[in-house]
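By written order: A, B, C and D. Residues from 1 in each chain.
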Amino acid sequence: MSQYFINIYDAVKTMISGMSLTLEHLRKKKDLVATLQYPNEKWPQPERHIGFDHKDYNVIRSRLHVDIDDCIGCMQCERACPVDCIKIDTIKPGKGIDFDCGETSNDTRKKMIVPRFTIDMSECMYCNLCVYPCPEECIYMVGGPNEPKHDIDYEYSKYVKHDLVFEFSNVTDQQIVDIGAQSYLDERNSKIDKINQGVNLKGNEPQVSSAPTPAAPVQASDTLEIKCLDIIEDKMLKTPAKKVFFKSKRAGEDDIIKIDKVIAEISKLDGYSPELEQKLKDLL
Amino acid sequence: MTSIVDSILSAISFINIDINILLIFAIVIPGLVLFILMALNVMISVYFERKVAAFMQDRLGPMEVGIFGFKGGKKFWGGIGQIFADTVKLLTKEDIMPANADKVLMLVSPFIIVAGALLTFIGIPFSDGLIVSDFNIGILYIIAMSSVGVIGVILAGWSSNNKWSLYGAMRSAAQIISYEIPIGLNLLLIVIVCGSLQVSDIVQWQADNRWFIFHSPFTFVAFFIFFISVVAETNRTPFDIPEAESELVAGWMTEFSGFKWSIFFMSEYANMLIVSLVASFVFLGGWLSPFTIFNVFPDSWLILDGFYIGIFWLLIKAIFLVFVMMWFRWTFPRLRVDQLMYICWKVFIPFSLANLFFVTIWELIAGSIS
Amino acid sequence: MFKIIDKSIISADEMVLNMGPQHPSTHGVLRLKIITDGEIVSKVEPIIGYLHRCFEKHCESLSYEQIVPFTDRCDYLASMHMSHSYSMAVEKLLDLELPERVEYIRVIVAELQRIASHLIAVGVFGLDVGAITPFTWTLRDRERILDLFEMLCGARLLYNYVWPGGVSHDLPPKFIEETHKFLDYFLPQIDEYNQILSTNKIFIERSADVGVLPLEVGINYGVTGPTLRGSGSTFDLRKDEPYSVYNKFDFDVPVGEGLMGTVGDCWDRYYVKVLEMKESAKIIRQALDSIPKGDVHEVLPKKIRPPKGEVYSRYESARGDVGFYIRSAGKNMPDRLKMRSPAYCNLSVLNEISAGWMMSDVIAVLGSLDIVLGEIDR
Amino acid sequence: MSIKIIDILDKKFKDSINFSENQNSLFIDDPSKWDKISKFLHQNKDLKFDYLMCLSGYDLTDNKLGVAYNLYSTSLKHYLEVRIEVESEIEIPSVANLWRTANWHEREAYDLLGIKFTDHPELKRILLPEDWEGHPLKKDYETPDFYNGMPVPKDKSYWE
C-alpha cells in the first residue's frame, strides 16, 4: 500500500521537475534557441557562435572544382574516385604535329590536352579522395581554406539531374582539330546526336488517327531536330553548326533564333555560301 | 437568466411571422458563430502550439510566412502567416480514400466527431448570459455530449480498413469510456456542493462564496483529477495512445487526408477548448475576476467584473489551461495502454470516490457551523 | 449458473501485423512481422535487407583506400568507428606500427563520435516512448560535435577521416580548445536529460522491467556493446583488450545495475548509454591534455598491397563489437571482406525479449537496442 | 591462440583437425565432425567458447567454399579461429543451436555464397529478396540482366 502512495508521489514530483525544465527553456528562449535559419543566415556569418572561423578548417567539402589550366591530364583523380564520377579524356598530339599544350602554374609542360573533364556532382560522395593524388593540386573542394582559390558554393541545386554534371574542359574544337584528332571530335558529336535522339524519344505513343495538325507557323516553336542540319554537306561547317544548335536547343529557344545563331556561327568560317543560308532559312 | 437564443428571439420578434420559423433563425445564427469560432480556434491554437513546442525545444518554429510582408523576426509572432498557409494547405489537399475502405462511414465519421464538439458548445458559457442555451441540466448535458465523439472515432477506425486504425479506435474507445467516470464523479462533487446542474448557478455560487478550487482541500484535489482526466479524454500526450505516432503511425486518423483530416484536427482542438472552458467555469470561477477568489473584498471593489470583461477572464483561464495541456505534451513520454487504465481505475476513481465521501462530510460540518 | 460451452466462441484469433518498412519508429527500413493477440505480442519476426547495398561485393572490386568511404556509410551514425575499425584490420594485415599522435587523434574522434551516436540513441529512445523534447535537445548537442568534425575534415556525417596508416588531416589549430569548450558545455546537459527523461516516472514505467535480456541469452545471441553491458556484463574491448592507446586512459565501464527494475531491462540499456557519454568525455579530456606532437602522415602507405593472408580484427563501436574479416590474395583489392556488424546480432535477439509484451513495448525494446539499418543490411 | 588450446584439441580430435602453418587457425578436414567439435568447444570447461564473434563464408574458386568461425570466450578471454573448407556441394553442420548468433550469420552465408548448413532452423535468404537467383559473393557470379522484369543497372549505360 505504501508503494502505491510512493508511486503517486514520485510521479507528481518528477512530472513537476520535468515541467519546470521545459518552462525554463520556454522562458529563456532568447539564449537557448539553437536554430540556424539557413537561407537567411549562412554559415560564416557571425550570428552563429559556433566558435571558429572558417579559416580554421582543414577543408570544407562543398563542391569539387578544377583549375583546368593547371591540369596535365594524368588521370590520377579519375582512378582514385571510388564511384567513377570523374570522367577525363586526353589527346596526345599526333606524331609530327607541332602543338603547344601550354604550361601549368608550376611550370610543368603539359604533354596533352584535356578535351573532356566532367565531374558528376550528383554521384560524388564527397570523400575527398581525388584531391590527394593530384600532382598539380588543381582539383580541390571549394571554400574554407581554399577560399582564395574559389569561393564557397553552398547550393548548386539544379532542376535537371544532368545539369549537375560540371564540364571543366576549355579545349575548343579548333584545338582538337589542330592536334590531329578529328576522329575524337566525330565520335563525340555522334554521341551527342545519340543523346539528343534519346532526349526526344517519347516512348510508344498511342497511334492517333486524326489528321495531322496544320503546320501553322507558331511563335514559340520547338519542332526542328538536329538531324535537319544534315543538309549542310561540309563537315567543317556541320560540326560547329550542330554544336550551336544543340546549345540553343538546351536553352529552349525558338527555331528562328536557333537557325539565326547557326547562321551567325558558320558565316565566319570558310565554305559558307548564301545558298546554304537560304537552305537553312527554308527549314522554318 | 438569459441565453443567446432567448435574446435573439426577443430581438427579432418584431417580424410578424410564425415563432417556429424565428426559432430556426435564432438557432442557426449561434450555430454558425460557433462553427466560425471553432475554425478560428484551430487556426490560432495550432500556431500557438507550434510556437510553444518550438521554444520548449530550443527551436524557432514557423518563421518564414509573414502577413503583408511583415515578419516578426525571432519573436513569437514570427511566422504568423503560417495560420493561413496551413488552412489553405489543409483545405486544398487531395482527399485520398483507400480502395477497400467503407466509403460511407469514412465520409460520415469526421462529421459525427465535429457534431459532438459543436453540440457540447451549446451548454458552454462565454460570459454571464453569453450561452446558447442555459439548461437546468447543463453539466449533465456537457458530459453526455462530450462522449458522442467516440462513436465517430470508432467509425473512423473501422471504416479505414487498416489494422493500425482499428487499434487506435479500440484504444480510444476504451480510454474515453474509462475516463468518463472520474470526470463525472468530480463534476458530481461540485453539483453536490452547490446543489444545481445549471451552469449559471454554479458560477453564481462561486461569486457568492469562493472559487471551487479553493473551497476545500477536496475540491482542490478534485480539480487536478478532473483536469488530468479531461486531458486523457481529449487524447493528448501523455495519454495519446490512440494516435501514438511512434506506435500506431497516426492511430485512427491514419487513412484520412485533406479536408476530412482537417475536420478531425478542428474537433480535437475544439475539444481542448471545451474542456478548458468547463474546467474554468466549474473550478476557476468562470467569468469572475481573480479578486473574487476568496470573496473577501466588498462588492464596490469588484470593478473588474462585468459582462464584457467576463469574456476576457473566462478566455484567459481557458487559454492558460490549453497552454498547460501543450506544456504536458512537450514534456512527457506516452503511457502504455495498461498503465493508462491503471491510472484511471486504480488511482483516479478511488481518489474521486474518497473525495466525494469527504466532501459531503465537510459540507455537513461547514453547514452546521454556519 | 452460467457456463461457457464452446470456448472457441470467445477466444480471439491471432493477427499478423506488418510494421514497416515504412513506419515512424523502425529506425530506418526495418520490417517487423508481428503476430499479436490483441495488444499482446506473441512473436516478432524481423525482416531485413531493404537497405542492402552490396557493401561486401563492392569491396571486392575496390582498392583498400577506396573502401574507407564505403565503411563510413555502413553505420552512418558512427562513421568514425567504422573507418577506424576497418583501418585497424588493414593495419593488422600490413603489420603497421602507427605514430603516437595518430592513435591519440583517433581516440579523440572515436570518443566524440561515441557521444554523438549515443546522443541519437538516447534521444530516439525518448521519441519512441513518446517524449519529443529530449530528442531535439540531444540533436542540438550532437550538432556541436558535428561542427567540430566539420572543422576537422570538412564533412559532417560521412568523414573518410581515419585511413589505413593514419588520418587524413592533422588537428586544426583551435580544435583542442574548442573541444574542451564543448565538453564544458555538454556535461551539464546530461543532467538535463536525466531530469526530463531518465528520472521521469512515466518514462521509468515504460522502460523499467520491460524487455529484460538475461546475460547468458545475450552472449549466446552475440549481443555486444551497451546493449550487453546493460545486462550487467563488463565486456568492453576498450578495457578487456585495449587497442589503440586506450590502456593509457583512466575510465570506467558502466554496467546496468537494475536501478529502476530488473538488470537488463530497457531502462538499463538506456542509462548505460547516458553514463557512457560521461566516460567518453573523461577519455577525451585526458587525451586532449596528453596528446603528443608528431606527423600524422608518417607511415601512411603510398599503395596498400598487403601480403597473402587473413585477419580478423575487433573494435568497440557505439553499438558493440565490430569485426572485420579480411582475406587478402596479395592484390590491391581484398579477396573477401566480411563485416561483423554489431546491430545485426543485437537485432536478432528482438523476438527473444519482446515476445509476450505489448505492442508499445516492442517499440521501446527496439529503441533500446539502438539499431542502425545501414549497418545491419550493409 | 595459446598452446593450451592446441594441446586440448589435439588430444581429443587428433585425426580430424590440423593447424595452419603459423598456428593461428584450426582446419577441420571432415565437416561431419564439426558437430562434435563445436559442442566440445562450447562446453569444455577449459575452453568455454561461449561467444561466436563472426561467421564468414568465402569463395576459394575451383568449386571450393570455406567458412571461418571466430570464437571467443568471454570468461577466459581467448580466441580461436576455426575454418572449414569444402567442395561446394557438401553441407556443413549448423551451429545455430549452440550459438544462436550463428542463425542469422549462416543464413547470410547461404544467401551470399550458397553454403548449405544441415539442421538449420530456417535456412532461407536474409539480405536478398527471396526470389533472387544466384549467390552474389561467389567469384563466378554474373549479375543477371533482369530481375522480375526490371533491368538490373550494371553500368551507367542504362540511364546515361
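Note that a contact is a pair of C-beta atoms (placed from the backbone, for glycine too) under 8 Å apart; a residue touches a chain by one contact, two chains touch by 3 or more.
This one's a predicted model, so the numbers in the text were calculated from it and none came from an experiment.
Taking the mean of all protein CA atoms as the centre, name the chain whose own CA mean is closest to it.
C
Specify the chain most distant from chain C by Cα centroid.
B
How many angstrom lie between the CA centroids of chain C and chain D, rounded to a whole number?
Chain C and chain D have C-alpha centres separated by 25 Å.
Indicate the whole-number Å distance between the mean C-alpha point of chain B and the mean C-alpha point of chain D.
Centre separation, chain B to chain D: 63 Å.
Between chain B and chain C, what is the gap in Å from one C-alpha centre to the other?
44
Taking each chain's centre as the mean position of its Cα atoms, how many Å separate chain A from chain C?
The computed centroid separation for chain A versus chain C comes out at 37 Å.
Please list all residues of chain D that touch 2 or more other chains.
none
List, in ascending order, every residue of chain C touching at least 2 other chains.
Expected reply: 133, 140, 196, 200, 202.
Which chain A residues touch at least two other chains?
Only 15, 18, 21-22, 34 qualify.
According to the definition of touch, which chains form touching pairs?
A-B, A-C, B-C, C-D
So in the complex, which bits of chain B are touching chain A?
Checking each residue of chain B against chain A gives 52, 55-60, 63, 74, 327-328, 330-332, 347.
Chain D touches which residues of chain C in the complex?
Interface residues on chain C, with respect to chain D: 48-49, 52, 54, 56-57, 60, 219-222, 233, 235, 240-241, 310, 312, 314, 321, 323, 325, 327, 335-336, 338, 340, 344-345, 348, 377-378.
Provide the residue numbers of chain A that touch chain C in the complex, in ascending order.
Residue positions touching the partner: 7, 10-11, 13-15, 17-18, 21-22, 34, 50-52, 56-61, 80, 82, 125-129, 132, 141, 144.
State the interface residues of chain B toward chain C in the complex, per the touch definition above.
53, 56-59, 163, 167, 237-238, 240-241, 244-247, 249, 330-339
Write out the stretch or stretches of chain C touching chain B in their complex.
15, 17, 23-25, 39, 126-133, 136-137, 140, 196-197, 200, 202-203, 205-206, 358-361, 363
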